[in-house]
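Order as written gives the chain letters A, B, C and D; numbering starts at 1 within each chain.
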């Protein structure tokens, strides 16, 4: 066991405090993309309704962040000591989570706007996919590290569930070039899938 | 008891950390809707005063979020284990809380602007009502779940108090189509009502 | 002792978690008022330098929030149970703290702009004064409430120090109508005063 | 030992809660500088690609804040009591951290824009340098204060690592006047350097 690769004094509680901060702030900043119509935009009710893609991408992103947060806690509740590779993978996960408000704003702004809608939906999927990849890497790291108590986590199941996310986000990115709306439906379905309890044995 | 519906490792403390984040960020983001007048808007003092609806909706939303937060803690202080349905209802509550800055900005911008003021006040009430409904659902879930220690909470009283909120917000939405100002007074009164201690037996 | 006025399950830790959130977010949101010059504003270095009032008000507000936060903890470390009046006073304190980014932006934008500068500096002082008043009320409440362990706090001293803030902010508001710059110097001096340790007996 | 210079009731946990808040919010606010292209900007894909400096400065700033946060915890995990000088140095550190979104936006906006790019890169380095200086001062304070348990921290090593940051940021500021891009590469290298584990003895 390489002691130098341990980060003195960093317990999983500390990592969770910073992570909780990033998750909750990223989720709450999403609301800033909802736009107060100006009077120049004409009928107020119509202007509000025409923003429906912003509301849809807002809800999908909020629920996705909420669910990653739940899974993040499930994972860290079982981590006793944090080493540098784990910290780095976690920072990459938080980087993709904190980026989510940007593709959410892109998608909310450009769905239904023809050509740009495809690119916006693909970018949204790429950010979600990189988040999903970091999360899978975090699981893989935790399960191969004998120092960590993973026995009761049954890591194969969560990895399978993570893989479902990877596949679905990849599908969403491919679909983006056909229809941004269909792509957003796929991204939303991933959130609903993860909200459901795992199948019992 | 269905073990699969338990979320391993999620204690009520963890849910509170994320929830605290969303409550405090949503409350603090409200200030971003207060607008620094440009010089083109003419007299500075007049421009600041004409923003009074923004200040009023800011104060009502801030106090409302503060009070939901207090009640949220009262509830979670008595929850020992968190299951998936509870997490989902809590996420829906947080979604409506984190949305509050948007209708607050709409109402602050459009009160006193004729036709749009009615719609803005109704949307404000709808977001508050959905927050209130999620909160009532959270209470109902906690009180019907025999695993949770609710004896000392006397759940009927809080549910009655929650119902008062539901009725008042519904009244506010109806009033919105008569007068947005009257509607805002109702929303503010709900906050004041919840600040008062419950009637003693 | 009126048991009904107690808020079940709210410990001072919980109030501190929400308060910490509001303090740190209000402090960090201040940076959003610093403006990235557009190319239309001409020379980049000059455009950045001409924003000096924004930098000055940013630093004064950040340090002030940091100091209130320190004092808030000194106070709450000695509070065992939280009742409704205390919660309400604390919410009013947090309301004024979360408002600080607005007068900070006003002052940063309008110092050196003639007439509006006086009003902006006065509004800044009024928000600081209301924060200071809420804080004094919090101290007063803690010291008169026999249930709370205040013996080791020596409450008279902090109240005296709070009064110094009240007097200084009132002076700053009066000075605002002579010179916004002088007023900002007074507000900054309050922060420096509170950073210094109390005089020893 | 001067008891009056102690801040009653402030434990290192409390300082960490506020610091965690500032670190995570500053990191997450960075995303607000990423700009949703308007349709007037022409080709959507091109408009997104031309923002590459914003993405680069976003990633460098996010990783830098994440790493300072890790080091901050390593330090505070070993601090038992917090005195006023430590609080003041920590506030100065948090002030520079919370400022990071501003030079990040400046650099993201002005890299590749000729003359202004040099100044923007230098300002970015100055904020990073002042953060690095505050952090070194924090270490120095902790190691010279006999009341604090620093034995197991081996403070000389971290100070050496801090010095590496000071030198690199100074180099980056000098390089800024030659090439803003080269300067950003240096700033990013500092983040990568601190991600690597310390050399073993």
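The working rule: a contact is a pair of C-beta atoms (placed from the backbone, for glycine too) under 8 Å apart; a residue touches a chain by one contact, two chains touch by 3 or more.
Treat the numbers as computed from the prediction; the structure is a model and nothing was measured.
Colleague: Indicate whether more than half of the residue numbers at the subunit A-subunit B interface occur in both copies; give same if so and different if not.
Modeller: On the two sides of the subunit B and subunit A interface, the residue numbers are mostly different, under half being shared.
Colleague: State the superposition rotation angle between the two copies subunit B and subunit C, fitting on C-alpha atoms only and giving a multiple of 5 degrees from 0 to 180.
Modeller: A turn of 90 degrees brings the C-alpha atoms of subunit B onto subunit C.
Colleague: Please work out the Cα centroid separation of subunit A and subunit B, and write it as a whole number of Å.
Modeller: Centre-to-centre distance between subunit A and subunit B: 25 Å.
Colleague: Between subunit B and subunit D, tell me the centre distance in angstrom, where each centre is the average of that chain's C-alpha atoms.
Modeller: 36
Colleague: Mind pulling the subunit D residues that touch 2 or more other chains?
Modeller: 17, 20-21, 25, 29, 32
Colleague: Draw the chains as dots and join the ones that touch; what shape do you get: line, ring, star, complete or other?
Modeller: Ring.
Colleague: Given the complex with subunit C, which residues does subunit B contribute to the contact?
Modeller: Counting only subunit B, the residues touching subunit C are 16-17, 20-21, 23-25, 27-32, 34, 36, 39, 44-45, 48, 58-59, 62-63, 66-67, 69-70, 73-74, 77-78, 152-153, 195-200.
Colleague: Inside the complex, what are the residues of subunit C that reach subunit B?
Modeller: 2, 4-5, 7-11, 14, 17-18, 20-22, 25-26, 29, 32, 84, 87-88, 91, 94-95, 98-99, 101-102, 105-106, 109-110, 113, 115-116, 119-120, 123
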